[in-house]
Amino acid sequence: MTGMFWNLLLALAWAALSGSFTGMNLLAGFCFGYFALMVLQKQVPALKGYSRRLPRLMAFLFFFIRELVKSNLRVAYDIATPVWHMKPGVIAFPLEARSDMEIMFVSSLISLTPGTLSLDVSDDRRVLFIHAMFLQDEEQLRADLRELERRILKVMR
Amino acid sequence: METLMAYVIGLLFAASIYMMLRRSIVKLVIGLIILSNAANLLIFVVSGLTRGAPPLIPEGTAEAAGAVADPLPQALILTAIVIAFSVLAFAVVLIRRAYEVVGTDDLAQMKDTDT
Amino acid sequence: MLNIAINLVYLMFSLALLFSFIRLTLGPSLADRVVALELIASVVVGFVGVHAIDTGVSSFLDVAIVIALTAFLAAIGFARFLERGGVKDE
Amino acid sequence: MSELIVSVLLVSGASFVILAALGILRLPDLPTRMHASTKAGAMGAILIMSAVALHFSESTVVARAIAFIIFILLTTPIAAHVIGRAGYRTGAELWDGTIKDELRERYDPGTHQLESGLEGKTEGGMPLQPSDRSEM
Amino acid sequence: MNLELVLPILIPLTAGALSLAFWRSVRVQRLLAVIATGLLLGVSIWLMRSTIAQGFLVVEVGSWPAPFSIVLVSDVLGAIMIVLTSIIGLAIAIYSLASTPPGHEKFGYYPLMHLLLAGVSGAFLTGDIFNLFVWFEVMLLASFALLTLGGERAQMEGAIKYVTLNLFSSAIFLSAVGLLYGMVGTLNMADIAQKVSQVEDPGMVTVVSLLFMVSFGIKAAAFPLFFWLPASYHTPQVAVSALFAGLLTKVGVYALYRVFTLIFTQDVGYTHTIMLWAATITMLTGVLGAAAQFEFRRILSFHIVSQIGYMLLGLALFTPLALIGGVFYIMHHIIVKTNLFLVSGITYRLLGSYELKNLGGVYRQRPYLALLFLIPALSLAGIPPLSGFFAKFVVIRASLEASEYFISGIALLVGLLTLYSMIKIWAEVFWKKVPEHVTDVSRLNGEVKDPRSWAFYVPVVGLAFCTLIIGLYGQPIYVLAETAADQLMNPQLYIEAVLGGQSK
Amino acid sequence: MMLLAVLSGFLLAIAVPVLYRLAGNYIGWVLALLPASLTGYFLNLIPSITGGQTLVIEHQWMPSLGVSLDFMVDGLSLVFALLISAIGTFILIYAGSYLKGHRDLGRFYVIMLSFMASMLGLVLSDNLITFFVFWELTSITSYLLIGFNHEDAEARKFALQGLFVTAGGGLVLMAGLILLIFMTGSYSFSDILASDQPLHEHSYYVGATVCILIGAFTKSAQVPFHFWLPNAMAAPTPVSAFLHSATMVKAGVYLLARLNSSMGEHELWSNALMFFGAATMLTGAYLAFSSTGIKKVLAYSTIMALGTLTMLIGVGTEKATTAFICFLVAHSLYKGALFMIAGALDHETGTKDITRMGGLRRAMPNTAIITCLAALSLAGLPPLFGFVAKELLLESLLQSPSWSLVLVTMAVVASMLVVAVAGIVFIKPFFGPISTTPKHPHEAPFAMLVGPAVLSVIALVFGVAPFLPGALVLDAAVSSIYGNSVETALALWHGVNVPLMLSAVSLLAGTMLFASWHKLQPALDTVNSSVSRVGPEAGYFRFMLGITQVASWQTRLLQNGVLGIYLVTLVLVTFGLVGYTLLTRHGLDLSFDFSNGYFYEFGIALLIVASTVFASVTSSRLGSVASVGVQGFGVALIFIHFSAPDLGITQLLVETLTVILLVLVLFRLPPFVSLSSPLERSRDLTVAVFAGTVMTLLMLAVLDIQYFESISSYYIENSYELAFGKNIVNVILVDFRQLDTLGEIFVLGLAALGVYSMLKLKAEEQHKP
Amino acid sequence: MNSNTLILHTAALAIMPLQLMFSVFLLLRGHDEPGGGFIGGLVAASAFVLYAFAFGARPTRRLMRVNPRDLLAAGLLFGLASTLPALLSGQPMLTAHWWQLPLPGEGYLKLSTVLIFDIGVYLAVLGTLMTFVIGLMESGE
């Protein structure tokens, strides 16, 4: 099931890359994707319930792009102005995410969001350490992060 | 631009030679990297620089649209890059082994084999 | 107008290259240099994109894709060096 | 019209890039510089690629631009994370204005163990095992 | 389709790739080594016969017309070099069966050997200046790997110098190709030659030709560019030294012969005079270097340098006779020098050292080995009627003919000093008693026997036989050199053969 | 047949190991059959030669090179051939006994036979180059013979000395012969002798003469090259007997005689021969007199004889030529005999020192008689052939057209010394009180006496009947040297004349000298040792030492092991040559016209420059590596910007991987430390800047020049049509120039192999038990 | 020290197939657009380098199953195999041969010695680079 999903995705990506969505090309993409996955077989963790996630994914993308622009501007503003407004620090952020893939996505998206940067995960994988640029209101930040994580998990679970 | 590049490439040669003359084997390797870049750029520049016309034949046509950059030196440089990379990879491992075996990274101390 | 924008963007990228290169030279830590190197890769991507528009040759896009797929490896390599306790020289 | 949008995308992309560059030049410590470079750099690249996609408006180009954006989104945070982590662990100095560091006390530079502070607590009955995949 | 022109490259390439594929089976690799080099020898003789029959063989690789394709060309000089390469290849392949340490065999010795031969063959056969660069690099990389195989300290030190100086040479070569291409817009050597001859103001051509001269001069180990050779040639295992000694520098010499007869003849008075003095000092410094050495392979290494001087002298004098002498010298030298290294390997095996002070007693225990040393050694020293005498005789005659008395004098003096070195080895290794501090003489006495020790002697005997043949039955060899020189002196023939109707 | 005659020695040499096994102790006798039959063969040729004929037998060898196995037999070569084969016969017999049971007897015969064959080839060759081939072969074989006792360091040293002097002279001779070939346009002695070209007027004459003389003088041990010969006494006695009687040392004299009729009759030739010959004669005689070792005495007297022979050729008159041939034959006979006797004495008494011998006539009566004959001949007393020769010598000197008085005086002094020497050789050992010697003396075996006996008897016969050799072959020999037909009419008794009186004087004085020999010894030793410090032999050793010193000095200077210095040399040579040539052949195109560049291109250029400079100056390794990465990005941007997307991609990928490799490797390496001094840094900087400047100038010069249209238009036009590809660069790589790429992947593979073995081989070996 | 984080591990698994796929893509269309065997091979190598950085050398060997050296040998043999058709048909060395294989549906599969050669280049590059990287990582970094 999971393999099939990735395989299709790869086939689509193939077609997208080559810019030709003919049947032949999709087949070729499928084949190469299959090849790529074959190589990875043992290492790919199980992923289930793909079909439910597509709408959530769309919603999430919207949310994320908004966040991205917003915080980007905030960081940009601080860089462009001579005085530092930032109050940086490292916080421990307990994770809801459990699987490797979830943790990876959560931390990546947190990193992608300006102002926050995933530094490390505790050895027991329950806490994500995040360097934040604007710790003026830590509670708000934690809430935002939790919201982000919740939305990601919704897409992935 | 060719004129400017002539100066840049001269500088690259100078820097590479300077680095190769250092006594540290690591600097020697860095000198080699710069040297290969310099030689590649030299070929590129002396065979003429063309802006915005890569030697590709556009989709749906059988011939290149108008004058394109000379593809031959590009092919040569590509080969040269690969070769230089191979050599470099070898050199990099060589200096590492040399350091392990000889116990110094100082080239001036590696003169036992000659005299 | 596009032309002006393109030239402006070239200018900005040139400056960006300059700034990031200064950081690369200043360091102070290896990680700082690597960050700068990463950013330079991004600027190169930008250059490539603008150049594609400038020349009307879309094939240059592949360069950008290759950078996106591989340039971060250098950073990972450096990080690996640091984490495994390579001899630091700063 | 499209030319205008392309121009705007280009210039805003370039602005992000130059902000990123200015950021890593100006900002006082490694993590803050990374805030600037990683995100703004990626953002800039994405905007430029959007401009490219729009400018050519060909399926092949668009597809490749999308592929590029996906790749950038996948790789940039990973690189940032890896460097940030390594930089932190090897003792990169934090800026004086840093107000908080919850990682410092939980990290043991000798054993490189990083505690969560939640040890002993279980949650939802899930067994917690450190990843055993790495060998080295 | 001239298969015989293609196979000298394809056979060693395929053998190399197959040996690599059979990495785990040293037995297969050994077998392959002998079979492939044997085949190569057969093909090279075929090539020689066709070349003599047709004058020139040309293949336009990929069926694209010259000068757009890479061409493979065999003239008599090229064919001679290929024959020599294959002889040396076969000799080394057999010798390696006995001499190669097991670790080396397991770590790619045979593929490296094949690919070195492939690079050398490619360099001898290509008619394209950039392709020449590629084959140089194949050869160079193979030599790098062979040089470091084993990982001893001396090997590493030697290799750093070898690699660095050769890379400098490669960079100069590459730059020179770029500059030349920028000027004449072509890479085919015949085409370049034809175009260069039409250039009205050839000053820049001369400048670029000097880059080639320096680059090839480094590969050929000419004065003052030879440092890499004595620094490294004595460090790898002996079969590798022998292979290098026979072939590597000669590729540089060949390249000089090729470009400075075919392409860069527009300012002979300048370029060849530079070469003349370089050749003279090369002879002298090399032989003096050898006089200062007391290690078997180092002495031999310095003599390579010295003899490169003779070969270059042949080119530098640039008369038909001088070129004959040069070509003859190359033929003689490759066989003799390889053989001497092989002999040094046998004495090493017998007594465990290359240092003269640790050697001795070989004449007493192994008179036939002593004879096998004397043949190449005296040949190298130019003692008649061995091959080296005729080689030296022709070169000196040519230099006297060109009224270069001083240079002839130097060449004679160098001959004497060469004899001195060979006699030094003879007296120390063969005549002298086994030194008292050498305790393990079990191999020398024949108490301990090596497996496959026949493989030590077969190539040595074979090469000594070649030396004798070149000396005693020299007429056909001389005629060959004469034909080669004749072709070199008439580049128009080459150009016509390669470009056919296109040449003007 | 002639070819077989010459080469049979070599063939027999090859067969020696087998024959030795078959014949055992009789090997000497068996092998002697060859020279014996050769003697017969040559004797058989006498009639045709005396008939005035010159036999020329031609065999092809390397016709294109002018080398042929042509042989010429005339009077001169026949005399030599006879001496070689006849004396050779006895030597081989003698050696079988002298070296009986010696572990290296077989090897000895191999070399001896080769030597003999080479010597025969030398005197019989018609072709100049073949002559030289045999000439060098005699040097080599005699080297092996002198060093026969090779485990003795002295033997090795003196073998080398002999070889070095003779082979060195040989090389000079080669130049002389080549010049002679240029002068005459011919490769054969017979042509040169037959032609009446005036060689003296040729511009090469002086050069050729000097070279040939040096060659001949070294070989024939003329002053100042004489020192090697006595040292060659390290050889076993049969070798000395052969080397110093008939053969090798006479090769030079043979050459002079051979060329006399073509190259003589010129002041340079005759004066040089007379001067060096006389000097050698006197030196040899004096040194013989002052030595105590029997072999040394004989060796020095050989030098005296060689000087005499040379001098006689120089005098060049008909008489002198006759004297030359007679002296040559006489010397060969008595010297061969005396050396064999010396060997017998040494063999039977265990010492070579004459001062330790005495009264041996009782123990060795036969030896004494034979010695007596030979010594008489040496002293030039009637009725031996030595007397005939000496009378002729004095007579011819008296008639010499130049320097007559000087030469006669010197000859008389020399004869006087030789008389004393003869006394030393004969009377010292055999008369007087019996000395105790290391071995108890008794008569030598037959094989060792037959040679000296026959030779002495021949000397006696020739002395009594001097017309005999004359009629046989000497006339012909004299004719071939002199160039015209000559009748010698030799006689033992010419009546009382000036030469006879001079002989008498020298005999008297010689006897007195002999009487005071013992008393003079200490004084002579003092003189000799002080002379030897500045003499030619000291010069030889100084020369050898000098070579070694110059060699090590030069090697320390050039091959000093410092890579930096090697590289500096290479760079300076490369860019010095190129720069100089650029300035002189093309001129300077210094251009600062950057107007056709866009500002961002300057930006890229600046990035490259800045990253390069930083990579070179930073003290941080990883900073340097990162900066090199940036440089790679810059280069990639140049590629991309100037229409080379494939290059751009490749450059970026390669740069990234390079950085990764460097980082993987730097892990193990130490940080940068400043190793070099500021002086070295500024030196390197100067060199580097110089190279960079030349490279820039070179590029600027080339940028203006494009002589021809590039061939690329073909690729651009046909890439799609014929090769079905739209990426022209890729089509070139995989089709038009696929062979490059094929080579390239093998380069990659080789790098992988090299790296693999470097990384793994050590580890693997360590895992072995 | 454990240099690998869960994040890197997981990301490597996600990114690697994309890189591999893209490398094949670059290989196959290199004849018409930027790319080709060399570039493709380098990108494929980067994929495995990423994996090696995340998981270490030995797991990468296991993942690849084939020894990089054998990959290299295969690449070289492929490269040589591309000379065979010309050799067998008596044409000059390396003359290109093209075959069009009809496929189910519309279109042809264009096969050629050129493609075989490019695949050889791809494999050789991949094999070489993995030899470098795995070798260096294994030899006691």
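Per-chain numbering from 1; labels A, B, C, D, E, F and G assigned in written order.
The rule is simple: a residue touches a chain if its C-beta (ideal position, glycine included) is under 8 Å from a C-beta of that chain, and two chains touch if they have at least 3 such contacts.
For each chain, UniProt lists the protein as follows: A = Na+/H+ antiporter subunit E; B = Na+/H+ antiporter subunit C; C = PH regulation protein F; D = Monovalent cation/H(+) antiporter subunit G; E = Na+/H+ antiporter subunit D; F = Monovalent cation/H+ antiporter subunit A; G = Na+/H+ antiporter subunit B.
Just so we're clear, the structure is a prediction, and the values are computed from it rather than from any experiment.
J.: Note down the smallest number of touching-chain steps it takes to go from chain D to chain F.
T.: The least step count works out to 2.
J.: Once the contact rule is applied, which chains count as partners of both chain B and chain D?
T.: Touching chain B as well as chain D, we find C, G.
J.: State the chain with the largest centre-to-centre distance from chain G, centres being mean CA positions.
T.: Greatest centre separation from chain G goes to chain F.
J.: Report the chain closest to the protein's overall CA mean, measuring from each chain's own CA mean.
T.: The chain sitting closest to the overall C-alpha centre is E.
J.: Between A-D and B-G, which chain pair shares more contacting C-beta pairs?
T.: By number of C-beta pairs in contact, A-D is the larger.
J.: By mean C-alpha coordinates, which chain is most distant from chain D?
T.: Most distant chain from chain D: F.
J.: Could you give the separation in Å between the centres of chain A and chain C, each centre being the mean of its C-alpha atoms?
T.: Each chain's C-alpha centroid was found; their separation is 22 Å.
J.: Rounded to a whole Å, what is the gap between the Cα centroids of chain B and chain F?
T.: One centre to the other, that is 50 Å.
J.: Taking the mean of the CA coordinates per chain, how far is chain A from chain B in Å?
T.: 39
J.: Starting from the mean Cα coordinates of chain D and chain G, work out the distance between those two points in Å.
T.: One centre to the other, that is 30 Å.
J.: Please set out, as single numbers or ranges, the residues of chain E touching at least two other chains.
T.: 13, 16-17, 20, 61-62, 130, 134, 137, 141, 144-145, 148, 151, 160-161, 164, 168, 175, 179, 181-182, 187, 227, 230-231, in rising order.
J.: At least two partner chains per residue is the criterion; list those residues in chain D.
T.: 15, 22, 34, 38, 42, 58, 60-61, 64, 67, 70-71, 74-76, 78, 80-82, 84-86, 89, 131 - these are the residues of chain D that touch more than one other chain.
J.: Find every residue in chain A that makes contact with two or more other chains and list them.
T.: Residue numbers touching two or more other chains: 13, 17-18, 100, 107-108, 118, 120-121, 125.
J.: Which two-chain combinations touch?
T.: Applying the touch criterion to every chain pair yields A-D, A-G, B-C, B-E, B-F, B-G, C-D, C-F, C-G, D-G, E-F, E-G, F-G.
J.: Which bits of chain D are touching chain A when the two form their complex?
T.: Answer in residue numbers: 15-16, 19, 22-23, 26-29, 31-32, 34-36, 38-40, 42-43, 58-61, 63-64, 66-67, 70, 73-74, 76-78, 80-81, 84-85, 88-89, 94-95, 97-104, 106-107, 113-119, 123, 126, 128, 130-131.
J.: Please output the residues of chain G touching chain F within their complex, sorted ascending.
T.: 30-39, 42-43, 45-46, 49, 68-69, 72-73, 75-76, 79-80, 82-83, 93-94, 96, 98, 110, 112, 114, 117-118, 120-121, 124-125, 127-129, 131-133, 135-139, 141
J.: If we count contacts the way the header does, which residues on chain E are in touch with chain F in the complex?
T.: Going through chain E, the ones touching chain F are 13, 16-17, 20, 61-62, 64, 67-70, 103-104, 106-108, 111-112, 115, 118-119, 122, 126, 130-131, 134-135, 137-138, 141-142, 144-145, 148-151, 160-161, 164-165, 168, 172, 175, 179, 181-188, 191, 195, 198-199, 203-204, 206-208, 210-211, 213-214, 218, 224-225, 227-228, 230-231, 267, 270, 274, 285, 288-293, 363-364, 367, 378, 383-385, 389-390, 393-394, 396-397, 400-401, 405, 408-409, 412-413, 415-417, 419-420, 423, 427, 430-433, 474-475, 478-479, 482.
J.: Mind pulling up the chain E residues that touch chain B in the complex?
T.: Going through chain E, the ones touching chain B are 130, 133-134, 137, 140-141, 144-145, 148, 151-154, 156-161, 163-164, 167-168, 170-171, 174-175, 177-179, 181-182, 187, 227, 230-232, 234-235.
J.: Along chain B, where are the residues that touch chain G in the complex?
T.: Spelled out, the residues of chain B in touch with chain G are 54, 56-57, 78, 82, 86, 89, 93.
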